[in-house]
Structure formats: structure tokens, C-alpha cells
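After this come two complexes, each holding chain A, first together with chain B and then together with chain C.
The block that comes next holds the complex of A and B.
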């Protein structure tokens, strides 16, 4: 519930930033990948809401966890029921900032290195996340890409004892969003 | 063949069959054939959106993870790469149109592209929740009325 208030506060701040150019998408892409001895775990999600304030660098993305699609139906069930408990915690939210937004010329096509720093909430736990990525400015759009690694234990996601030695304790996250100028 | 050998052989065969069945129907079970899954809820599109907007937790409990058929006036069809989304619009927010977003099954993308905005349609899909702006239905198909 606290996370929802933070998002509302964030959105309100974005809405009232004088002259701020906002970039948004509702079809961002997030992939998770984990390689382990038992088998690799891979899932993708195309239902990612994301917004960037071009003036301040404020950046948020929100993911519906039930929208992660796995190749194996059983894996998808286990992910939702046993790991992220998506009935109880349906969303994962990142609220942060592109700390070097001043280095990005949103009016000029090109690829810019960015640093994103913020907090990720998942499974009811919030942790700081800092990662490097790129913004490609292309014909008025911003194509944002970043990769980072999460440790499951940091989010109180426990691995069942029977498979604890066969499942990786970390997950690689790939974020790929194409942000359009908001009207 | 001695009796104990027959028993051992029998147990081995039973174990083999059980292992195969567990692999096929549990470990390697297929995703549902979403187009042919009967909806467990049929509801007016605006009522579904309103339910989430008014009380997200209660609506999530009722609808998340279920195949839902909705009927309403289609707002628009969006296409990004191979992702075709039928959108029912009920509100305006900072993300623009807000309502229900129905991501179509890939094999039905062409049929979805032919849907007419402002026309009355019935679409069913697997509800994955509400993200503060939209209710999301996935693996959607058009239901013939």
C-alpha cells in the first residue's frame, strides 16, 4: 500500500513539473534469466508501464508479475505461487532517477550512457538498485536498455529445500523500453 | 523367470510409466489452449474496469488469474511489433487512455487488426491484474456473439 502512495506521489510530481517533457510506454519489455544446474529459467513480460521525466531524470517502471510468460507452464505456476506470490504481491515497481540526465540530449539522435539509481520493490521488500544502461534517442523516442542482477534472498524469495542446490540464487534482469513523448 | 524377477520387472515398468506420465503431464505440461478455454467470468468491460478502479484488492482477488470475457465498445487497436492490443478506453490519465488492454494471441493478430473502433465486441482473455492505469487481459481471443 505504501508503494502505491509513493507511485501516486511520484506521478503527481511528474505531472506538475513545469515544462517537463514526459516520455511514456505501456508496452515495455522485461526479461528475467537464471542459469542453474537443473535448467535455465527464462521469462519475458511485455506489460511494463514506464515513465521518464526528461527534465529531472525521474524514472519509474511497473511490472505485473502474472504477465511473465515462461516456456513451461509448471515453471510459470511455481514462479507465481511459490516464489513471487503474485496473488499477494501482484506488482513489482522501480522508482528512481537517471542521475546523469543532463548528459542526455533528448533533442538529438544518438546513444547515451546513463546511470539509473533507485529502489525496486518486489515481494513486499524494497531494496536499492543502481545500474548502468543506455538511452538511444531516435526520432523523438527514447529507447532505454539496462541489465542488472537481483539476489532472491534480498527480496525474501525463498527456494524450496528440495531444489535449493539446483536453482540459481540470483536472477539477471533485462529492461528494454521504447518511450514515446507524452501528449 | 523366477517370481521375484517378475515382480522387479513389473515394478520397473510401472516406475517407467509413472515417470513418463509425471514428465508429460506435470513437469512438461503445456500451457492451456487459451482460445478454447471457457471464461469463468463474463462481464461488461466498463464494470470490470470500475471494479478494479474502485477497489483494486477486492477485484484482484475476484478476477486475477481467471479467463474473463468482456463486452463493450472498442476504443482502438494498437500494434507494436508482433504485439497487438485491443484497448477499451474509460478514462484519461498521464499515460493517456486508460481502461482495459487486451493483448491478443499472436495467431489472431490479423483478425484483431480488422476490428472496428467504436464497434461492440466481446473479447476473452487471461486477467493478469491492474497496474494503476489499466486492467490487463492477455492471450486474448475474439468471442463470436
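The block that comes next holds the complex of A and C.
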């Protein structure tokens, strides 16, 4: 009898999670920015994939590193070839959760403060990332925005001695995604 | 009581499992939704030259590469000649990326004040993903005109006698991150050759490659075989060069040893006078400096 309850509960949780509204994009925007004494480095990626589960707050991102566009072609080549080694590690993945999803009413237009907590994998290294951001609910869409800072050394991305003063040891990441309801 | 605890534990377990599973589901949703992308191979070589000859690389679109090539005299010329340091052949070149598939270049050589102009067209790009291509393939063509005075002004000289052409097919493949190989068949046409026994059309077959020692240092080698009975009146050898690439931001330094004194295709392919076993080896370097002329504008903000 108790086992039956258990199964019932299990199935209920599963179906609850499966039936929830999901939000998706494949044209999300991520910007890298790093300012150092000599060189300002800026790159944009407009092909970011992301999915949000409206009920549980589960939030995942997948970023193809070769899709970052730099102002200087040489910077782009060095980014892929020497720093993130995109041949070996083509994607960066974030798997996390909006911890206060209960505070967001996805049925009602408005701007909500959110906290996103999860794990970011890049260059074969995974680190915890926690940041504050906003969700703007607008006509059924969710516009997510956040900013956070990464330390290159945490991801075993080394800067050669010759340019160590030209390149900042941290990178500011700006995330801007417009998530549509998934079918 | 025990059962209740068990039930609670099982419930939490189920929740945990579903949460991880949900995130996996979201990730597989991304993977299904993802646009198929073509993953083009980049940086097969660090420079537009493997060592002394052309690589499949061009200056990126909107970028200008200033290349200074310098070959000292032969190492076997002894102390009196400071092992070649007293002599130099120099080429100054400018290479511009018109588009991502077209590069143009112009250069001036101290050898007979020769001007050379060239174009390199990228026909195939090595790629994987949505479009699979095993190799990159370029066509390279150049025209060289020497501009020193006629050696014999008493005879009838034609301007066309100053002009030579070279055409190459560059076929390269990058194996993983650190090894790249290139095959380079070449065809050189000379309007005027020293003797009738010499061919006006000369064919060579070359191969080159690089191995990266670190992200910024690579070892390169390049060889061009000159098929027999084409160059008869002078003794020409196969060209072989061995070098190191050092990359520092906007510069690539290439330091090498070669048995070719000439610095453009027509000379090193058909007129390599040095022989490695005799010590007719020239120390040389290329300095590549890349300038961004047209920025790839970041569109938003």
C-alpha cells in the first residue's frame, strides 16, 4: 500500500515537471568584455541556446565558442586557438536554477529580480556561478538579463608572460536572452 | 515510524532525481533545437607563409599584413664574410584580405629590384559539422617583374622578358590542434630563359607542415622538388627550409634555415642554388605584423 503511494508521488512529481511551461531561444546574446591598460577586448555571440523551465526554475545555456565575433579578426583567432581551445572544447555550458522562481509570475507582465545559481563549464573546467539578474515578462515572453565576472585562471585559461599586462585576468559577461514559449 | 522516514527519503530522492533529469531534458531540448552549424577549421598555419613559401592562410578580411623577409648570405662563406651576415636579400611585402576568401599582395625584392604582385583565392575550407570538407584548397598566382637595367643593352630587349609567372595549388589539412600538412604543386612560367635547353614552363611539387610545440610556438618544414631536365643551364637544387614560428599578439616571427636565397616563388622554386650538404645554408627570418584596417563591428550596443 505504502509502495503504491510512493509510486504515485514519484509519477506525480515527474509529470508535474514534464508538464510545465518551457521557454526557449536559439538567438540569445552573450557579450564578453575585458578592459586592460593596452587592449580592450569585446566579443558578441548572438547564437546562444537557452531553455528555462517556468515551473522549477531550471535554467540551462549552451554557447558555441566559435560563434563569438570580435572586432579584430586576429583576436578571434587567438581566442579560439590559444585561449579557450575551441577545437578541443567547442561549447560552454551553464546548468543551473532560478532559485526564486516562485517570486516570478510568468502570467503577469512586469520586471522581477531573480537569482541564478548553477555550474558553468568552459575549457573543460566546471565552476559554480551565482549571479543576480532580472526577468522581464512581456506578452508571454521572458526577457532575461544578467551580468557577472569570470576569472580566467579558474578555467585554466593561461595568459602568456609577453602579454600578461595587456590582457585582463577577469572577463565581464553580459547575458541577454529573449525566451519564447516552447511548443 | 521507520516507514515514514523511508517515505520522506524516497520522496526527496525522487525530487532530486527529477530535478537533475529535468535539467538533462532541457539540455536535450537545446540539442534538438540547435541550428546545425558549420565548424570551419581556423589557423591551419600561423602565417601566410609556411616558411619561405605560401601557406593556405591569407590576411583576414579587412586586415593588412606587413611582412619583412630577410635572408642572410650563406653560412659556409666563413669568418671573412661573418658567416653570411654581410649580405642580405630582402623582400618587403604587403598582404591585404579583401574578403575572407580573397587575399592580394604586393612586394619588392632586392634581388634585381623585382616587384611581385599576387592573389590567393580560397576555394575550399576544411570544415566539419553541417558541412564536411576534409581539406582547404587555395589557388595562388603571382606575376614578378624585375626592374634593374638590361644586362645586355646592345641587343633588342622586350619588356615581356622581365616578366615571370607562378601558379600554385595549395592543399592543406589541419590534423587536430597541433599538426598541419600542405601539398603544393607549382607551375612557373618564364618568358625568357637563359638557353634554349631551359624550359619556359617549370613544374615542381612541394610539401610542408608544422607541429605546434606550444600554443604560440611551432616548428615548420617545407620542401619543393624540382623535376629534372627543366632547368639545365644553371645548377638548381630542391628547396628545403626548416623554421620556428613565434607568435606574440599581432606579430608572428618566423626564423629559419634554408638553401634558397630567393624570396619569391619563381626564385626559390626554380633557382635554388644552395646545397644543404655543402653548407650553402641561409639564415633568414620573416616578421609578420598584422594591422586591422576595417573592424568587424560588434552590432548591438
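To be clear about the criterion, the second predicted complex is superposed on the first by the 166 of 183 C-alpha atoms of A that agree within 3 Å, B and C clash if a C-alpha of one lies under 4 Å from a C-alpha of the other, contacts with A are read in each partner's own complex, and residues count from 1 in each chain.
Everything below uses one rule, namely that a residue touches a chain if its C-beta (ideal position, glycine included) is under 8 Å from a C-beta of that chain, and two chains touch if they have at least 3 such contacts.
Because the structure is a prediction, the values reported are computed rather than measured.
When both complexes are superposed on chain A, chain B and chain C clash. Of the two partner chains placed by the overlay, only chain B lies in contact with A:183; chain C stays clear of it. In the superposition on chain A, A:72 makes contact with both chain B and chain C. Once chain A of one complex is fitted onto chain A of the other, the partner contacts of A:22 extend to both chain B and chain C. Looking at the shared chain after the overlay, A:49 reaches both chain B and chain C. After overlaying the two complexes on the shared chain, residue contacts for A:108 are found with neither chain B nor chain C. In the superposition on chain A, contact of A:166 is made with chain C only, not with chain B. Comparing chain C and chain B on the residues of chain A they touch gives the larger count to C. In the overlay built on the shared chain, the residue A:62 is in contact with chain B and with chain C. Once the two structures sit on top of each other via chain A, chain B runs into chain C at 94-102, and not at any other stretch of 4-12, 76-84 or 94-102. Once both structures are placed on chain A, chain A residues 14, 22, 24, 26, 46-47, 49, 51, 62, 64, 66-67, 72-74, 76, 80, 87, 90, 182 are touched by chain B and, in the other complex, by chain C.
For chain B in complex with chain A, the touching residues are 26-32, 60-61, 64-65, 78, 80, 83, 85, 94-96, 101, 103, 128-134, 136, 138. By the touch criterion stated above, chain A contacts chain C in their complex at residues 2, 5-6, 9-10, 13-14, 17-18, 22, 24, 26, 29, 31, 42-44, 46-47, 49-53, 56, 58-60, 62, 64, 66-67, 69-74, 76-78, 80-82, 85, 87-88, 90, 93, 95, 160, 162-163, 166, 182. Residue ranges on chain C touching chain A, taken from their complex, read 3, 7, 10-11, 14-15, 18-19, 21-23, 25-27, 29-31, 33-35, 37, 39-40, 42-43, 60-63, 97, 176-177, 215-216, 248-250, 290, 292, 295-301.
On the chain A side of its complex with chain B, the touching residues are 4, 7-8, 11, 14-15, 22, 24, 26-27, 46-47, 49, 51, 62, 64, 66-67, 72-74, 76, 80, 86-87, 90-91, 178, 182-183.
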